[in-house]
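Note that subunit A is present in both complexes that follow, paired respectively with subunit B and with subunit C.
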Partner chain A sequence: MRGLARHVADLVRPRQLEAVFVRSPHPAARIGGIDAAAALALPGVAAVLTADDLPHTPLLDSVRIDGLLKTPQPALAGGLVAVAAGGAAAGGAAAGEGLAAGVVRFVGEPVALVLASTRAAAEDAAELVAVDWQPTPFVLEPGAARAPGAPLVHEHVPGNLLFAQAKSYGDPDGAFAAADLVIEQPLIGNRYLAAPLEGRGCLAEPAGDGLTVWASTMGPHLLRRRLAQTTGIAEQLLRVIAPDVGGAFGLKIPAAPEEIAVALAARAVGRPVRWVEGRREQLVAAPHAKDQRIALSLAVSGSGELLGVRATLTGNAGAYSFNSASALIEPYLGAGLLPGPYRIEHVGAEIFSVLTHTSPMSPYRGVGWTQPHTARELALDRAARALGIDPAELRRRNLVTSFPHRSATGMEYDSGSYVESLESAVGLVDASDAPHFAQGEPRSAQDAPASARDAPHFAQAAPRLDPPAPGIRRGVGVTSYVEPAGWGSDGALQSEWSFASHDSVRLQVDPTGGVVAAIGTPSQGQGHATTLAQVVADELGVRVEDVALIADDTNATPVSTAGTRASRVATVIGGALALAARRLRARLLEVAAAVLEAEAAGRGDAPAPGDAGPRGGALSLIDGLVHGGARELTLRELAEAAHFDPALRARLPEPDLLVTQFHDPPATYSNGAIAAVVDVDLGTGGVTVRQLAVVEDCGTVLNPTVVDGQAAGAVVQGLGGALLEDVDYGADGRPRGDSFGSYLLPRITDVPELAIAHHSSPSPLTVNGVKGMGESGAIAAPAAIACAVAAALAADGFTVDRLPLTPARVVEGLTRAAAPANAAAAPASAARAAAAPPPPEPLQ
Partner chain B sequence: MTLPPFEYARPHALDEAAALLATDGARALAGGQSLVPALAARQPGGPRPRLLVDLARLPGLDTIALDPDGRLRIGALVRQRAAERSPLVARHAPLLAQALAQVGHPSTRNRGTVVGSLAHAEPAAEVPAVAVALGGVAVIAGPAGARRELPVTDLLQGPQRLALDPGELIAELLLDPLVPGERQAWLEFAPRRFDLPLVGVAARVVPGREPRLTLAGVAPTPMSVTQHPAEGCDMTLLEGLDPHRTRIARTLTRRALEACGR
Partner chain C sequence: MMLPITLTVDGARTTVEVEPRETLADVLRDRLGVYGVRVACGEGHCGACTIQLDGATARACTLLAVQADGGAIRTVEGMAPTGAPLHPLQAAFVAEHALQCGFCTAGMLMSAEELLRERPQASDDEIRAGLAGNLCRCTGYQGIVRAVRRARDEANEGEAR
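Entry: the complex of A and B
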């Protein structure tokens, strides 16, 4: 930690203007007009721009899946929108007959952009921009949005239904007919979001006929492409730079409408324009995540065999199907992973994506998978209790054990430690005072399989907890997960997703022997500069400190159309770099052989015996030194010779130390398990997580510290999703979680000391057996914690049907369970909960 | 967000401060831990003062002292952290020290003042409830050297509402000291630790007397309740309150009384 990072907020360009957006306070409104006179009169204000000032092509969801309707999204709402034949709208500022007045569709949608010499002046001016808001009816919940007569978010999308599809794998009807036990599990998944330390932001500067844009983004090439599509500037004239980015977690994959607006504004005024998102702005106006309504059924045999799973997954898409991410990321991806890590042969899924007057969806760590996983695991625990089987044992009986395994939905699990990881996770927590679990026998590390015992960190046995105090209920939850990890195009296809996920890298040895790896996928804190440099150093045979990684600038890196997402960098980019390094190593050894030959010839020596085979075959490159020849050669000597020695060219006509490598690895799947011990205070409803164990298997580990960091971060974000985080739209259509005082992230004091352990099942399919990782806890920690709470309160008749498990919800559920008249109406009460007004606000 | 525009004055005398506060749109600034973020949020309905009167340079208001009559006297500029760590507070008002340890974080307590928290009049906050529990009296300074004393129960009118006239400010807070044999406890519950509580309870237990219980977060102002053997406190007073807060109030009063040895 040296304080040297430079984020968008640290950048200053000559004559730079600060941008502040004027945003809608209404979930739905027509805009009668915008009067900026008072704002323009303030000192320091350079311009107030509206949609009419910034002609552009609206952003469009680029996902190609049949049946998905498109919802063009303007950079600034409020302009006149031409509705073309067939219902597809073309945005823009054209005026004339047949144009609808501009509308806003969610609280926080931007309608104007104020440019001023300081941030304070821009904020003062933004408050003076007078917008004639004409509020219109709005709808916030997908159920209400599909009802007849509901206000339409987009006129051309009937019933607000963006997408509907039924899928069936195997024979789910038969499986349910044959079941001894069917568990119905509803789940209202919370809308929560990535809240990176650094919000979104960008700085756009005119550069000749083009633009240079610094952006807090996960995909500079992706943003460049979107900017080209929307602004009409040729892609080769656009340069996007991702400076240091303070976290992203999926949020910064879609091109933000704000980024387009800022780019257009810089062009319009001919000056650099910078926008730095505020926290309230981020929580309200940036895309949100998760938010699925789930009705899941699990068919189980009397012996605890999972026969089938069916689920209706309804995604709350928000007001637009977001570009480059799509409204389908939640329910559609969730459906594909319904079998999870289990041998469930029969699967049915109904997928709906519904528009509402709320902020759109972006990906967020564990995208699509988290909430269906939670629903399945809650159902599984209820089945275990109904059958009198230990929940870990029920999982053990159904986990995938042989590989490759083709799941019912077509995913090819390549290798894994599903049972072993479960055992390890159980061994890391103290279940002795928890009902329904392991019959009170805490497992010790000695019971764990040898592979786990040998793993780092496993030496720690589960610390014992004191027995719960009176009025406290203790529960344990354990969940196994599988993580589609490292999407190449093949992995994407196995999720039935259209997603070109190949990449190219460039590796070059500089004239002084330094190695530069250029990739199109920058880091937002994942440690690429360490892990990928390690890959290159190991494969090439140089010291890690001699490898530099360039990933931040579209002018200096190969195109990456996918960007840093979907846990793909380790397999796609890491694989490409490993393959490139192998080729470059062979090239360097050729150069070395040629240099040694020249030296030998100069001395009149006979050729070395090893040179009978491929040139350089007898030589090796270790830590930047060539061994095996008449003398050791340094990488620097090789590089100098290759770049500057004309004599070398006589022996090796093309001593090119530049290698490019395309790579698109096969699908691979990580796995693991998470166990949680919670204490629930019956007197307050408060849930305290006492122990949290993460066991993960991402194949070959590139860097254990980085893997531990990923495991820890993901599980803490999962804890937030389980217990605290909720955007929570109020009846007025405004998010109540609009600051860090009301949108509650976990603090370090909410997180117990984590136990992290590893297994390693290298992929047989990827370069060096590497798998992607990092989403684990974000997928499965909510399930582990929700299962633990449900187990703690099972004897009280409490069931989990909604997240987060706030103290108020816990008390409400306990009260509901205690009222005998309502006991039989649990499913109906869940439906009511969906429609009921949210709990009362705290006294102010 | 940046702060919206306002005028700023930093008077060096109470009279001067009172005169400035008597002008239209003036507002007092002490530690600024509630007011400044609220200003920066620029939310509709949020504070938009024309003038901020910074009390920082007023003399003699940053001390904690014991009055001749035994009452604890806390000046308007005493930081929460100073009171939390004060030996006088520890000896004579341990309830206040316990409660302050749960106000915000050390970094906010280093700036936030005890009296500022009282003046913020947040219904669920620690300091107003503790002030009521300890028989608090506000010493109020007004224009032209005017001084009056007002019990905190009369001072607190509702959320963010005080019985102060224009030009008045709270100069000091007087608290009853611990009596021999008394035990005090502050307990609170927040969905996330260290946040503003949903409900808090101050308990004072003196041998041979009815315990004194004061609840925060159950009414617009702190509420004194009586003990109930089974329920912790008399629930009839809390009728109409949402069941979650009722449950917490019951639980916390029971636990607070236990903590005081009842």
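Entry: the complex of A and C
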């Protein structure tokens, strides 16, 4: 706000070197040799380091699912060396010697690291590093990668097939045999990415035999463990600090190979080394997300009952199964949520993860759930049109209504407002111009269900839209969703995902009465400090301004193996802090009782009759003041007594005001619905989102403002995925969406004023009934918008089978739909030629 | 080859030697320590580095420092120097939860301040158009539009009294 936040790019250490990576401009190539002599000749250049200089153990994903092949990823591909005179390098090779021993597997893969006194000098030098690239055939799409004779991304992975598994729940064959209607819905899910405004980056500095690493990360403890595993430095000698982080959305969960390389480099040259990721560098070389090829089929009865769903989910894994989450974070997780919020008893899933010469996969908000959700909802709408049933009504009939509900794939939905949220969402948009939305007049605020109406920002009834102008098609889409949120280990198991997702927290009261909560899950803008300080204050009975949250430094916080991810902080960390606060509160009241007893004894009063409850049971702590005793006690008095008064401490079994609390909550599921109204310009193909409503039910709401902010941010990221964002690898193997001029994030002019409302179905299983909700909008908003466009253009014969719905793609689809039936339909996407292209210009 | 230039940054006049190719963002940040100027794309697409040069918004990442020689530069750090109360726009951003990670906020405030200075009665559409050059990836823009509206209305009420 005042410009005082400090990110990695704002940190400066004495004798710090700036690091710039030399990256592959080719999707696949052998490295004949690397000659850094010219680079080293530039003033200010300290070293040009490669894999040979930085011996290390490659990164490996930690997912334990049998059948998943491993693809170790080096911090730097290839091998070679050059060391500036006087610069020390672990490899010890002589300057200028160049041995090629490496392969690059995607455009942007780092092969060398240039260290210089300034960023400009490092960038100049990086352009002078001469790499003998020997391009080899490459493959970009899963289909091509599975074709016989396709180039192999990893020799030890035949057919580029990283993982394959068939799963069946219930009797899908029987369901499809009994169906009156089967909808086949293909979907080419676009490859897009978190693209937080602050890119990745880290600053590593030698500290004794260890290292201190400042990193723009969501998981300082996870990065610390990865550093220990790859560098061989003992974990206890490694310290990771997350300074202010400018957004992350999943991208900054896995440790980055670049972070490992920078740590190794700092150790090799014995000086602080800093890497600040550039925007093009991120869009091209950082891990991407989504990119599933889906063939989904929906079995429906004549009366609109959803009998079964089958899907083949093929994830484009990229060149490495990226370290912590693996490429399975897309198709494998997607399969578990195929039933979504509906009572679909029979589910069949075929999961494939296929290696290609593209950037690896990373978690991004909504992870693998987003694109299968879109495919299912598109199929649902087509079933509704085929059966002449209102799309909202078709959903309403099939939504889960009684809880707990065990889904076909083994998820136990603990509570929810599936039907109410759907109705609220429909009520918040003007569906009157939508041909098949039967609910007629838009409901006024009065008709909206009570709890939606009471929501503070339920500002207005659905505003009426003027009818669409000629040449404009209007469509309405509505989708219901369930989010497996607030993952504890149980939640991970219900997603059939091997993942230790517990956490421990530490809560203490300092001598002057200040409260410190130490947690291992830093915030990247999710309002943790506000929300969690509020939880501690409420549960402990102190003022929120007396609570400080520490989450950034592995030296000061309990180990969190999972870190911030999967909308888990409110439930796992919030729950742990609430339990810790309750124990600490009891201890504070014991101290208060002991103080009052000592004072009473000092006055010669007869001791109070032994009250039955725990010591101090009759006392209460509210806003930092103890009530119910002979006099009020301040938290400060309690803290000083507990810390300093030996007579008092002798009376107390546990006089210290320090509690650590482990917590691993059972699985919980939030739910909601999103409605979208779009106008499609038949001439330009432009899609304008006129109205967007999101109804969220995340159980007990800790802080409505923070929840609304998460809902809005997630929905707009979903809008980007539906209409704008596409990495879009060209035939040359380079992403075309490689700058914010071609990789289009939603702008303020792309986004209507959202209607946000809430229902609240507290979880019967989690502390305070809290559920996670950070990803809902990113799971379901693409479906709402895609369904709205499909509905708008259904009469024109346009079908949605690929995202994003760019103007060009809409016009192409309309033209194809209007072409005489016998015209050879041009394939939806030009087949990607596998021929080697002309060498592209260097990446910097 | 270094060139001396003189900049008045948030009221503080300073002379600094720069390379011709150094951007204003690099000089403000790495030379003068004004880290309130954020760089998110380095190509003028996202607006995070927006400052005001002689009262007009400009992208510090695509402006060479030498082009700003002799200029008066205002950054977010000048809106409410340490100890001073928040500028009304900043207070409105807090009240309307118009930021989450805050990386876009400095540039957003610079654009919004110019917008309201030039169009005190800016409509919602004008507010959106005025901020279309500033990307935000966290908030979905909802709080930002409300905050600028709030600052607009409060300024006009102040006027009316």
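Here is the rule we go by: the second predicted complex is superposed on the first by the 789 of 844 C-alpha atoms of A that agree within 3 Å, B and C clash if a C-alpha of one lies under 4 Å from a C-alpha of the other, contacts with A are read in each partner's own complex, and residues count from 1 in each chain.
The criterion applied here is as follows: contacts are C-beta pairs under 8 Å (C-beta built on N, C-alpha and C of every residue); 3 or more make two chains touch, one makes a residue touch a chain.
Please read all numbers here as calculations on a predicted model, not as lab measurements.
Once the two complexes are laid over each other on the shared chain, residue contacts for A:739 go to subunit B and to subunit C alike.
Within the superposed three-chain model, A:234 lies out of touch with both subunit B and subunit C [touch as defined at top].
Looking at the shared chain after the overlay, A:686 reaches subunit B, while subunit C stays out of its contact range.
After overlaying the two complexes on the shared chain, residue contacts for A:245 are found with subunit C alone; subunit B is out of touch. Shared-chain residue A:747: touches subunit B and subunit C both. In the overlay built on the shared chain, the residue A:123 is in contact with subunit B alone; subunit C does not reach it.
One of subunit B and subunit C touches more residues of subunit A, and that partner is C. In the superposed pair of complexes, A:806 makes contact with subunit B only, with no contact to subunit C. In the superposition on chain A, contact is made by A:524 with subunit C only, not with subunit B. After overlaying the two complexes on the shared chain, residue contacts for A:166 are found with neither subunit B nor subunit C. Comparing the two complexes, residues 119-120, 278, 739, 741, 746-747, 749 of subunit A contact subunit B in one case and subunit C in the other. Residues 1-5, 41-42, 44, 122-124, 159-160, 189, 191-196, 198, 217, 219-220, 242-244, 247-248, 250-252, 254-255 of subunit B are the ones touching subunit A in the complex.
Across the complex, subunit A is touched by residues 19, 21-22, 26, 29, 34-43, 45-46, 48, 75-77, 79-80, 82, 86, 90, 93-94, 97, 99-106, 124, 128-129, 131-132, 134-145 of subunit C. Across the interface of their complex, subunit C is touched by residues 1-7, 9-10, 119-120, 194-199, 244-247, 249, 278-279, 524-527, 705-706, 708-709, 712-717, 739-741, 745-749, 751, 753-754, 756 of subunit A. Residues of subunit A touching subunit B in their complex: 25, 119-120, 123-124, 127, 278, 280, 471, 681, 683-686, 724, 739, 741, 744, 746-747, 749-750, 806-808, 811-812, 815, 839-840, 842-844.
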